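Right after this note come the structures.
Common to both upcoming complexes is chain A, partnered first by chain B, then by chain C.
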Partner chain A sequence: MYINKNLSEHIKGRLDDCDDLVTRTFPELEIEVLFFGHLVGEEELRNNIVQPFSNIKNDEVINILRRKEFKQEEDLNSMVNGILEGKALVIFKNSLAYTVDIYVPKTRSVSAAEIETVIVGPKEAFIEDIGTNLSMIRRRLKSDSLKVVSYKIGTLTQTKMYLLYIEGITSSVLVKELQEKINGIDIKGINDLNQLVQYLDKKPLSIFPQYFTTERPDVSTSKLLEGRVICLLDGSPYSLSTPTSFFEFFQSPDDYNQRWLLGTLSRALRFAALVITLFASAFYVAVSMFHYEIIPVKLLHEFIKSRSGVPFNPLIEALIIESIIELLREAGARLPSKIGQTIGIVGGIVIGTAAVEAGFTSNILIIVVSISAISSFVVPHIIMTASLRIARFIFIILASIAGFFGIIFGFILLLIHLCSLKNMGEYYFKPIAPLSLKDLKDTIIRAPYQFFKK
Partner chain B sequence: MQNETFKPFYLFFITYMTQMGIVFFSLPNIIATHFGYNGWIMIIPISVVVLIHIGLIAKIYSFNKGESIFETIESLNSKAKMILMLLYISLSIFWSILAVTIAKHYAYVMKFLYFPYTDIQWFVLLTLILAFYLVTRGIITIVHITTIFFFLSAPIIFLLFYFVPDFSFLQFSTFLFNENKDFYGGIIELYTAFLGFEVILFMFPYISKEKSGFKYVFWAHLYTSFVYLIVTIFSYGFNSIQQLTRQVYPVVTLMRYIEFEFIERLDSIIFILFYLKVLITITMYVWISLVTLKRVVKWSDNLIVFVLLIVGYLSTLPFVTKKESIILLSALTKVQLFLSVFLPLLLLMIIFKKRRSNG
Partner chain C sequence: MARILLISLILLMQSGCMDQKIVEELGFIHTIGYESIEEGEDIGKLKVTVSFPIAETLEQQTNTTVVDTPRESMLFLNQKTDENLVLGQVRSILIGENLAEKGVWDLIDTFYRDPVLRPTVKLSIVKGSPQQMLSKDYPNFQMVDSVIEELLKKEARLNTIPEMDILKFARDYLDDAIDPIAPIILQSEDGIMSEGIALFSDDQLKTSLPEIKARVFFLLTGEFKEGKLLIKINKEENVLFSFLKNKRNIKVELNNNQDINVNLSIELKGFLLEYQGKKDINNEKQMAEMERDIQEYLENEINEILEIMKEHQIDNLGLGKYIKRKMDYHTWKNLDWPKSIDRVNINPTVTVTIIDTGLVK
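Here is the complex of A and B:
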């Protein structure tokens, strides 16, 4: 739509009742500037608008408007969108319009990662501003083959999104497939990358996260180097990477920054933790309901003694204690960090001890549940931890129905599900299924760098 | 549409896991009752015969060049379509009945050993749910799952080291095959213990074409023979022949002997880990009945598998006791033995006929 009369009125009509719209006029030059004061930087406004138009004559205006930071707009929509994106709209003689980008987002500064912490390695994490996030990746990857494609997500929020990949390493089929998926998203608005991920999910009913999200720029960079695609979303301190594998969620930058043997052993520890957190409570329920025979006689005495006063069957008992742990965890997550710790420790100790003394539960169960709760925190990614928690409850219930057979039934279902999941054409359970010995040395173990081949 | 293919090395896992079945637990008993003293020796000649049998399938594979065996059969005569359809349907139903019977047999053994108060129908239904879920995910997922199951269940073999201190050569005696009952019946029985490799016949189109891919089937068979042999030798060295003939599941008894600091009576865990192998055997038979029936009807995989499992389940319902299920299973495996010999021979005949007519 091209308008050459009363342009200012049209724009103001579109932005009617937007009291935060700022208008500055230079009447002697017939110039009117429109912008949202809270989106623009003061210094940028002074340098790009106020100073150039101060103390000049009428005939000099056209020269200033020819500068390259002034972009002529002919479409009313793009003028309004420009203002909404933090540009200043310069209207000359009420008929010509130019936008100048003076957007300065007001965000917090870069700080240390809070969820994915490491012992050795860089500390910084992504923040809410997409430009800063991109700069953190560009700073680490100074190559012209790093490509950035820009998108807008959400019909109302118009949230900026970047898709990053390295040309020559990432397969172009993958990039195209993801682009199609992103273009297929039709929503009003988006707040966070972790929401976007769920729109992209191929199997929305699965309990497992199908995209890997991280708040660490160093991890994102290494994903790029492995040939994956990275997405950044404005307003979200996360990046997603795809294709995703189940085993990615058990890796931490620490594995790579520390000596290989330590890296390998801590991975082994994490897989042990995975087994414990999934099966420990279910094992207890199965043993105390069906398979007493596997406990050695020496232990059996203590076991029966601790269970003798408990009025509930092992399933109810385990569910009560597991639910209490979940309550504590949820309360700890919502409260400010200082009170959160108190509630965790005091709540855990007081309720745990009191529950045993009151004869609610056996103390062996308290030990089992605590160990499985601690194990769940060993898994480095909080999203995967949540999935495993859900699976654990399913296993407990199955164990109460059919003992070890119930556990193995659930386990097989879980494995079939994991093996049939695919993410962007790649198997989720890679490199176990399909089995690739070559890739095992960087998933199950962390071999010395000399063993990796390009 | 081109089938998705898997690398030939997966054939090792598929063959081994399909061969190894519930019979493993009673194998020393079968051998002891049929062959008597030092009966374990019989595993070697029979394993060699099975090796030749697998060689037949390997020949077909090399002649077929990845073509499915259905195409080979159908290329013979296009007029006899009705007969072929009937044959496919009956074979398909037979295999699904066989699969359900194996599931039922495992459930009976499990009930007998660990869950005396549970109705076996629950176990059968749960197994069928798993088989349904697994088969409908497609052959690639089945192959992947089989590989994982192999690595989960294979380390059990190392538990045999536990018996080394109590192993006694005295138990072997110097007699050979004395006190045997039914020598020839024993050969058939032992031969059926190796069955399962014939499912490879149906996988030709799914194996990615690489040279000498079939050697993995031979390796798998040799590994199965090795496991059978070593477990039987240990059973013979650990029990007297009289003990072996009286225990129904000597391998379970053997495992009951194991005691660790925190866990004793490990047999229940091992027996249930063995479920992984049994499930793969069941899944493979359901899968071949699926691909067979797919030549006849154009339904979705889900529907075909569902119908087949229902048919299999209903047909085995009349067999209610453990004894009946054992009789049914042994009858079915004998038919399967016949099929596994007949089918490759038929295919080879067709192939030779085709070659001669093509010059």
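Here is the complex of A and C:
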């Protein structure tokens, strides 16, 4: 749509009732500038627009408009979108329109990662501005084979999204498949990458996260180097990487930054924690409801003693305590951090001790549940932790139905499910199933770097 | 989704299939004793005694009943207590001497087949009545059943009694080349003590070996790897011999399947812990003499054990296993082991080497 006359009126009509639209006019030059004041930087505005148009004569205007930062727009939609994206629209003689990018997002500065913390290694985390996030990756990967494809997601939010991959390492099939998937998303708007991930899920009923998201630019870069595709979304301090493996959620940059032996050991610890957090409470329920035979005789007396005053059966008892832990966790997550500590004291010490003393629960269960709660925090990724929490409840109920048989039944179902999950054509449970011995040295253990082949 | 629902439905229905045993509602039988009744109107029946701790006070409680078959007893015993008695935590089975003489396989078989019972349940023979042993109040300890367990464990470690569980017993019973053994315990004035080895023929108790002979017996089985041996050479001389190395060698020689010669050689290496007598322990000649004395003593003891075995036509040492290897199946069957043990020439030879006599020379 090309409009010669009354351009200013048309655009103002489109942006009717947008009181935050700022209009600056230079009447003697027949120039009108439209922009959203909160999207543009003051300095950029001064340097690019105010200064050039000050103290000049009419015939010099054309020269200024020929500068390369002035981009002539012919379409009304792109003019409006330009304004919405933080550009200033310069209208000359009410018929010619130029956009100048003076967008400066108002975001916080880069700060240390809060969720995926490490002991050794870079501290910085992504922020809500996609440009800054991209710069963090570009800074780490100075190569022309790093490709960035731009998208807009959300019919209303028009959220900017970048798809990053390294040409030559990442398979082009993968890139194409992901592009198709992203193009297939039809929504009004998106707030965070973790929402987007759920639109991409192939099996939405699964309890496991099917895409790996991280707030760390160093992790994202290493994913790129492994041949994965990275997505960045404006307004989200996360990046997603795909194809995803189950074992990625048990890796931390610390494994790689520290010496390999320590990395291997802490990884082993995490897998032990996985087993504990899944099965500890279920094991307690199974033993106290079905398999009294396996309790060591020295523990047996204490076990009966602590159980004998409890009015509930082991299943109800375990569910109550697990729910209390979940309450504490949820309360702790929602409260400001200063009050959050009180929750720990009230929940952990007061409720724990009082519940045992009141004969409400057995102290052995308190130990079991606490250990499994602590173990769940050892898993480095909070999204996986949440999945394991759900699985834990399923195991407790299965244990109450059929003891160890129930636990094994559930475990096999879980394994079948994990092995059947696929992510962008790759198996989720790789390299265990399908087995790839070569890849095990960076999954189960963390072998010295000399053992990795390029 | 339908599949998940179906699976959950099936699982929920399974809950009726397995009997729940909630831990605090159970009475865990720790020790179970069997004896046969010799007199009165119940003659020939089984007397079953169980001991189990009460959860709240941890005091030991015993319960006794008289029944016809071993398993029947659980029904009657359960009627006598508010707790549901279960067998899954049984640690030792005590069998009265009189019952053991009649044969114990029926009993062991019942336990052996039960998946709830661990196969490592300890088996021991009680001189006297298991019921009296379990129900008496002992001044020095509260829980007699755990004392029995600890005693058996400790004595087995010190090689005075064998460590016998139902798995081992069943294995030895079912093997036709060896007869089972079991430890003997008895009730003394102020506690429980071990009393050597019970020797079985098939599943019947035949005779027993006292404690000193028991240690020599273990030298012969080769299970005695390390330990102490008290040797009384004569009235004045006592040696406490602690050995480090015990090598046992059994060689079987067959002559036309008729004469069977078994050469039993034992090599002992060790040091003197204690010596009371006239010999000078620093004198090499006299030490060589002492080595010979010890050898002679041990050979004597071994011969006595072999005599006992021959007398009762039993083979608790498992010599039959070595003989069986040397002959074909048919000949072995015809041999009718261990009834033919007195046809076999067994030549024990013991070699003793004293490598050390102590710190001071």
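Rule of thumb we're sticking to: the second predicted complex is superposed on the first by the 454 of 454 C-alpha atoms of A that agree within 3 Å, B and C clash if a C-alpha of one lies under 4 Å from a C-alpha of the other, contacts with A are read in each partner's own complex, and residues count from 1 in each chain.
One rule holds in what follows: contacts are C-beta pairs under 8 Å (C-beta built on N, C-alpha and C of every residue); 3 or more make two chains touch, one makes a residue touch a chain.
In this text, all values refer to a predicted model and were calculated from it rather than measured experimentally.
S.K.: Which partner does A:416 reach: the first (chain B), the second (chain C), both, or neither?
M.R.: In the superposed model, A:416 contacts chain B only, not chain C.
S.K.: For A:427, using the defined touch cut-off, is the partner it touches chain B, chain C, both, or neither? Pick first, second, both or neither.
M.R.: In the superposition, A:427 contacts chain B only.
S.K.: Looking at A:18, would you say it contacts chain B, chain C, both, or neither? Reply first, second, both or neither.
M.R.: A:18 contacts neither chain B nor chain C.
S.K.: After lining up the shared chain so the two structures overlap, which partner does A:435 touch, if you call chain B first and chain C second: first, second, both or neither?
M.R.: Touch status of A:435: first partner only.
S.K.: Quick check on the superposed pair: does A:205 touch chain B, chain C, both, or neither? Answer first, second, both or neither.
M.R.: second
S.K.: Does the superposition put A:304 against chain B (first), chain C (second), both, or neither?
M.R.: Touch status of A:304: second partner only.
S.K.: Per the contact definition in the header, classify A:289: touching chain B only (first), chain C only (second), both, or neither.
M.R.: In the superposition, A:289 contacts chain C only.
S.K.: Is A:402 touching the first partner chain B, the second partner chain C, both, or neither of them?
M.R.: In the superposition, A:402 contacts both chain B and chain C.
S.K.: Which chain A residues are contacted by chain C in one complex and by chain B in the other?
M.R.: Residues 290, 293, 295, 402-403, 405, 409, 413, which sit in both footprints.
S.K.: For chain C, which residues are in contact with chain A within the complex?
M.R.: 1, 7, 11-12, 14-15, 17-18, 20-24, 26, 28, 30, 53, 55-56, 58, 86, 88-89, 91, 116, 118, 146
S.K.: Considering the complex alone, what residue numbers of chain A touch chain B?
M.R.: 290-291, 293-296, 299, 402-405, 408-409, 412-413, 415-416, 419-420, 427, 429, 432-435
S.K.: Which of the residues in chain A come into contact with chain C in the complex?
M.R.: 205, 287-290, 292-293, 295, 297, 300-301, 303-305, 307-308, 310, 313-314, 398, 401-403, 405-406, 409, 413
S.K.: Which residues of chain B touch chain A in their complex?
M.R.: Where chain B meets chain A, its residues are 6-7, 10, 110, 114-115, 118, 122-123, 126, 130, 133-134, 137-138, 140-141, 144-145, 147-148, 259-266, 268-269, 272-273, 275-276, 279.
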